[in-house]
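Okay, so chain A shows up in both of these, paired with chain B first and chain C after.
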Partner chain A sequence: MHVDALIAPLLNGSAQGALLLLAALGLSLTFGQMGVINMAHGEFLMIGAFAAYLVQQVITASDLSIPVALPVAFVVAGLFGLLLEVTIIQWMYRRPLDTLLVTVGVGLILQQAALHIFPSQGVPVEKPSWLDGQLSILGYQWPFRQLFTILLASVCVAALAAWLKYTSFGRRIRATVHNRDLAETSGISTRTVDRLTFFTGSGLAGVAGVAASLIGGTNSQMGAQYIIPAFLVVAAGGIGQLKGTIVAAWAVGVALAYFAYWTTGSLAQVLAFILVIVFLQVRPQGLFTVRTRSLV
Partner chain B sequence: MTKLKPWISLGGIGVFAFLLLGVAPLVLTDHWINNLGKYCCWAIVAVGIGLAWGRGGMLVMGQGVFFALGAYAMAMHLTLETAGDRIPGFMVLYDPLAPLPAFWEPFRSAGFTLLAIVLLPVIVSGILGYALFKRRVKGAYFAILSQALAVALATLISSTIRQTGGDTGLSDFKYFFGFVLNDPANKLLVYLIAAGLLVVCLLAVWQLYRSRFGELLVATRDAEERVRFLGYDPANVKLVAFVASALMASIGGAMFVPIVGIITPAEIGAAASILMIAGVALGGRASLFGPALGAMAVGWGQSSLGSTWPDGWTYILGLLFIVVILFLPNGLSSLPARFAAARRSPAPPPPTPAAAAAELEGVRS
Partner chain C sequence: MSTTSKRLRTLTALGALGTTVALVLAGCGARAGDSASAGGTSAAPSCVDTSGDSIKLGFLNSLTGGMAISEKTVSNVLHMAADEINAGGGILGKKIAYIQEDGATDWPTFAEKTEKLLTQDCVAAVFGGWTSSSRKAVKPVVEKHNGLFFYPVQYEGLESSPNIYYTGATTNQQIIPAMDFLATKGVKRLFLAGSDYVFPRTANAIIKLYAAKLGIQIVGEEYVPLDKDDWTSQVAKIVAAKPDFIFNTINGSSNVGFIKAYYDAGLNARTTPIISVSIAEEEAPAMGHEVTGHYASWNYFQSLKTPTNPKFIESWKKYPNSSGVTSDPMEAAYISLYLYKALVEAAGSFDVDKVNAAAKSNAITFDAPEGKVTLDGDNHHISKPGHIGQINPNNQFDIVWASDKFIEPDPYLEGYDWFPADIRKQLVDAAG
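Moving on, here comes the complex of A and B:
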């Protein structure tokens, strides 16, 4: 067996894992920190991808449009998230399981709206020319596009971690998560914190959407294929644990790539799902857990 | 929520059975009988979801898995019955010399097929439920895992086109346990079996709900820890409800095949599984008739509006989820009680202890 035959799935899988991580990062924030199960997260990812397409209609030079599209996608998807929080989610914090079903409905509507507005076969997002090259690793030509996904995911993770740790907003978020009532009495507006958290989480989905549009197709169904794997990644990583999400996303991505290499693409998906389900049997709390004295 | 007296509910089932089995065959055309049969299949699944989700608090978002077990078991038998001694047509299409896959062979036997329709979902849901509930996997985790399973199974079937027919599914059944399926009289018979099974399922949950098990199930939903402290194992209680709901999904799937005449992965995947939930949410998850009637309504919408006005139907379905879950968590069946409560006291009623306990549980989990 060739060296590059073994290394190709590892590198491809790492990129796939990075994309999963981007998709799961926002979920880890909204699900992990707020307990909201946002099934429309995949559609926010789709919104980010379509935002990239729309930016390209204005700025036609694709070398420039993608760097512009990233913050635009973040803000647009974030605003959609904010709208969702203000109109629906804020009434449902006491019914976490029901947020799942409500957001399923929101996801259905957003998908159908995308189908109405854009051509049903999807839209092309131009890849910038600086992503065309390849990097030669042990004889394997690794496309820059994959490297870019990994880079983007790393930047997002680092920014999110720093934001949560060092800024006053980050401190407020963590305080609200640890003890909502005490945070409220200490003068933190938990409502503002909730909104900001949801905006950021949804915005990260938008960034993931831009990355996804550079790798796969941009169409109304693209969000649906990310939502379940992303949730599995968050669950396997451990709720509210950034490092867990990172490790789980990378592991699932690489596992998918190797399974796909040994079997077929669709069978790989089945195997990866089963792997995560079995893993959650062994560690129902995920990879990393916060020790608490609570019963559940 | 006011509780109907059990005997009134039983009377309701009687009226329902009379309408489905007595009146419908006389007044409806063959076409609508066939449609009603399809809705009955979804309603059977919905009754099970009502049991697991409404009464047990387990959001089963992957009932497509068990629906598929029943449906494909039945479809494999009917395909073999139609093919006779030969290899099923779709297999010959890809490879004229292909042998029959080993797992198809036992489905030649009608007895084995019927047994498989009952036992397969029980075994699968039993293992799955035991593993998950004993590890105290619940809430959103359970919902996501169950949906992941449905997606995985649908993907698996799509990708094994030589063994299962893939995306085109299994279709063109000519016989149903020796009866010619094209004959209108036999179609009516198949409908009557489906409607009869729906009534049987309703009777089963009616009995379950008024039994001590039903009380325990609701208690587990509302305050699992308290039930544990009282000396029961909530995992066992949930397991029984989950297995029962899986069995109903399988029965619904098995009857779906001869009535609709085709089964594809699209009928069992994530979207289909969510559609099964939609009806239950609309009708009222915890009520006796809500899930079945809601599923029939959504089924009607899906097959009429869904084909004539697909875009609009998706919007309606999305809005239905939002409006019902947001404003009417207990579905349409809670409307009369709400109106009655509003007429009695203009002020909003204080939360009942059960609701408060459920909220506490929800916040903690």
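Moving on, here comes the complex of A and C:
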């Protein structure tokens, strides 16, 4: 076995993990921090991908359009998230099961809307030419596009972590998560916090959608394949734990790639998620846990 | 502390629940062989009303769910064919009054809706379906009620039913021509990439047998679940195997991911071409320039020069909700309604037994956009020309190869000496 046979799954898996992380990052905010189970998260990802397509209709040079599409997708998907929060989710904060069912419905409505608005087979999102080509690592020709996914995920993680840690708004989010009542009595508007958190979480799904549009098809069904792995990754990482989500996403991506290398693509999906489920049986609280003095 | 971890446990449990719900929802698409409504009563006398000046037909396509991306077009083209036939005076002087039902990408729903169309709406025939799972769900229902079902998509063959007419290609009209084309190209090392379900598995079993006969070596075989777009791991294996051609039986959106990962890895139509059996004029635009130069095997292409094709293309472009391009599965759906008209008119009746008896003449033909097709009265498939097209930058296909004559349908591959009887039996049993 050549070195490239061992290194290829590691590199491919890291890129797969990065895409998974992008999809899960928003969930780690809305589900992890706020406890909202948003089953329409995959459709926000789809909205981001369609936003990239629409940006490419205006800015036809794909070299430029993808960098423009990233913030556009963030804002558009974020606004959809905000709309969902204001119209539906805010009435259901203490009813997670109802939220789950309602957002499944919202997801189906968004899918059907996309099916009617766009060509049913989906639309092309052209990859910028600066992502053509490969990087040679120990004999393995690693596609630049994968490196781009990893860089994008890293930037998003760093920005989110810095935002949560160093800005006053981030501190307010964390305060609300740890103890909502105490945060309110300290003068924090938890409603504003909820809305902005939901906007940001949904916006991150939009960014993931741009990355996904460069990897797979952009169509009404694209969100469905990301929602299950993303929830699993957030749960395995530990609820409300950014670093847990990162480690879990990377581990699942790499496990998937090695299993796919040794067995088949279908079996790899089964094996990787059996691994996650067994892990959650052994350690139901996930990789990392939040330590708080909260009473709820 | 303990209450906190309790809350966390609850959240984790809810997450797991959410995942379960999502899995169940996703799983709805995969309940194949879930043949519903085995009611047990014998076929009741037909309730089809032929006394009026119209005849009821049922159209059954997934207008919601994952398969809607493909089946919506089939539904639209069936409407167009019905409008055309009605404008020309209908079938036996009766106008078609169609009832559109949504199969919702759910195979038990296909069975239920077929039951409803046949026994409550009393339609004379049902048209539609796309996946083999949907056809296999409909089959026992039409057989039980002695109804008629017209299925318009190329499939894995190894099936025939007195109650089903197949207007798409069987394997000897699409897979075998593709292999013959590869042989003329001097291909020596072939890699098989497919989605993980019955069509690619069966097609690849056939490909491997024929490749051995043609002296083509199979250097690898990879499958990815139908609903997964990411092909990077498998493409890395393709790079390592150094094939000189890829036989692609991937279906749906997963094809976009495959073509992109392939291009990302530095492979393209110049280095290692791909021949596909599920990429047509409808699918190619969603793949961008990465798909240009690769090949596809179909019976019909929009670029075919036949006497009836220009009118078909023109009518479709003008039709409301048109996708603007014509493709093989929609052409096969268009054929299905006209073939039914020809059958009924030959029989002089809408009665299923009389229609089937008319088919036995082997003289039912239709001047289709792909050419003049003839119905085989025994296996209920139609003759078809084999074509290989190469995708050009406009996402149309340049015809680079054609079979020297129309290929007679042979769903069980009985006329091919390299296809052993024990493997045929094994594959028929596996397909259920």
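To be clear about the criterion, the second predicted complex is superposed on the first by the 290 of 296 C-alpha atoms of A that agree within 3 Å, B and C clash if a C-alpha of one lies under 4 Å from a C-alpha of the other, contacts with A are read in each partner's own complex, and residues count from 1 in each chain.
Here is the rule we use: contacts are C-beta pairs under 8 Å (C-beta built on N, C-alpha and C of every residue); 3 or more make two chains touch, one makes a residue touch a chain.
What you are looking at is a predicted structure, and each value in this text was computed from that prediction instead of being measured.
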Clash or fit, chain B versus chain C on superposed chain A: clash
Contacts of A:A260 with chain B and chain C, given as first, second, both or neither: second
First (chain B), second (chain C), both or neither touched by A:L280: both
Touching partner for A:P9 - first (chain B), second (chain C), both, neither: second
Touching partner for A:I88 - first (chain B), second (chain C), both, neither: first
Touched partner set for A:G217, first chain B, second chain C, both or neither: second
First, second, both or neither for A:P124, with chain B first and chain C second: second
Touching partner for A:G133 - first (chain B), second (chain C), both, neither: second
Which of chain B and chain C A:G105 touches, first, second, both or neither: first
Chain B versus chain C as contact partner of A:R145, first or second or both or neither: second
Among 73-81, 217-225, 271-279 or 289-297 on chain B, the segment whose C-alpha atoms clash with chain C after superposition: 271-279
On chain A, positions contacted by chain B and by chain C: 31, 37, 96-97, 100-101, 104, 108, 112, 115, 224, 228, 231-232, 235, 264-266, 269, 280, 284, 294-296
Chain B - residues contacting chain A, complex: 57, 59, 61, 131-132, 135-137, 139-141, 143-145, 147-149, 151-153, 155-156, 158-159, 224-225, 270, 274, 277, 281, 311, 314-315, 317-322, 325-326, 329, 359, 361-365
Interfacial residue positions of chain C with respect to chain A in the complex: 1, 3-5, 7-9, 11-19, 21-23, 25-26, 64, 66, 68-70, 72-73, 196, 222-225, 227-234, 236-237, 239-240, 253-257, 260-261, 264-266, 282-283, 285-290, 323
Touching residues (chain side chain A, partner chain B) in the complex: 31, 37, 88, 91-92, 94-98, 100-102, 104-109, 111-112, 115-116, 224, 228, 231-232, 235, 264-267, 269-270, 273-274, 276-277, 280-281, 284, 294-296
Chain A - residues contacting chain C, complex: 4-5, 8-9, 12-13, 15-16, 19, 31, 35, 37, 39, 96-97, 100-101, 104, 108, 112, 115, 119-127, 131, 133-134, 140-141, 143-146, 212, 214-222, 224-225, 227-228, 231-232, 234-235, 239-240, 256-257, 260-261, 264-266, 268-269, 280, 284-286, 289-296
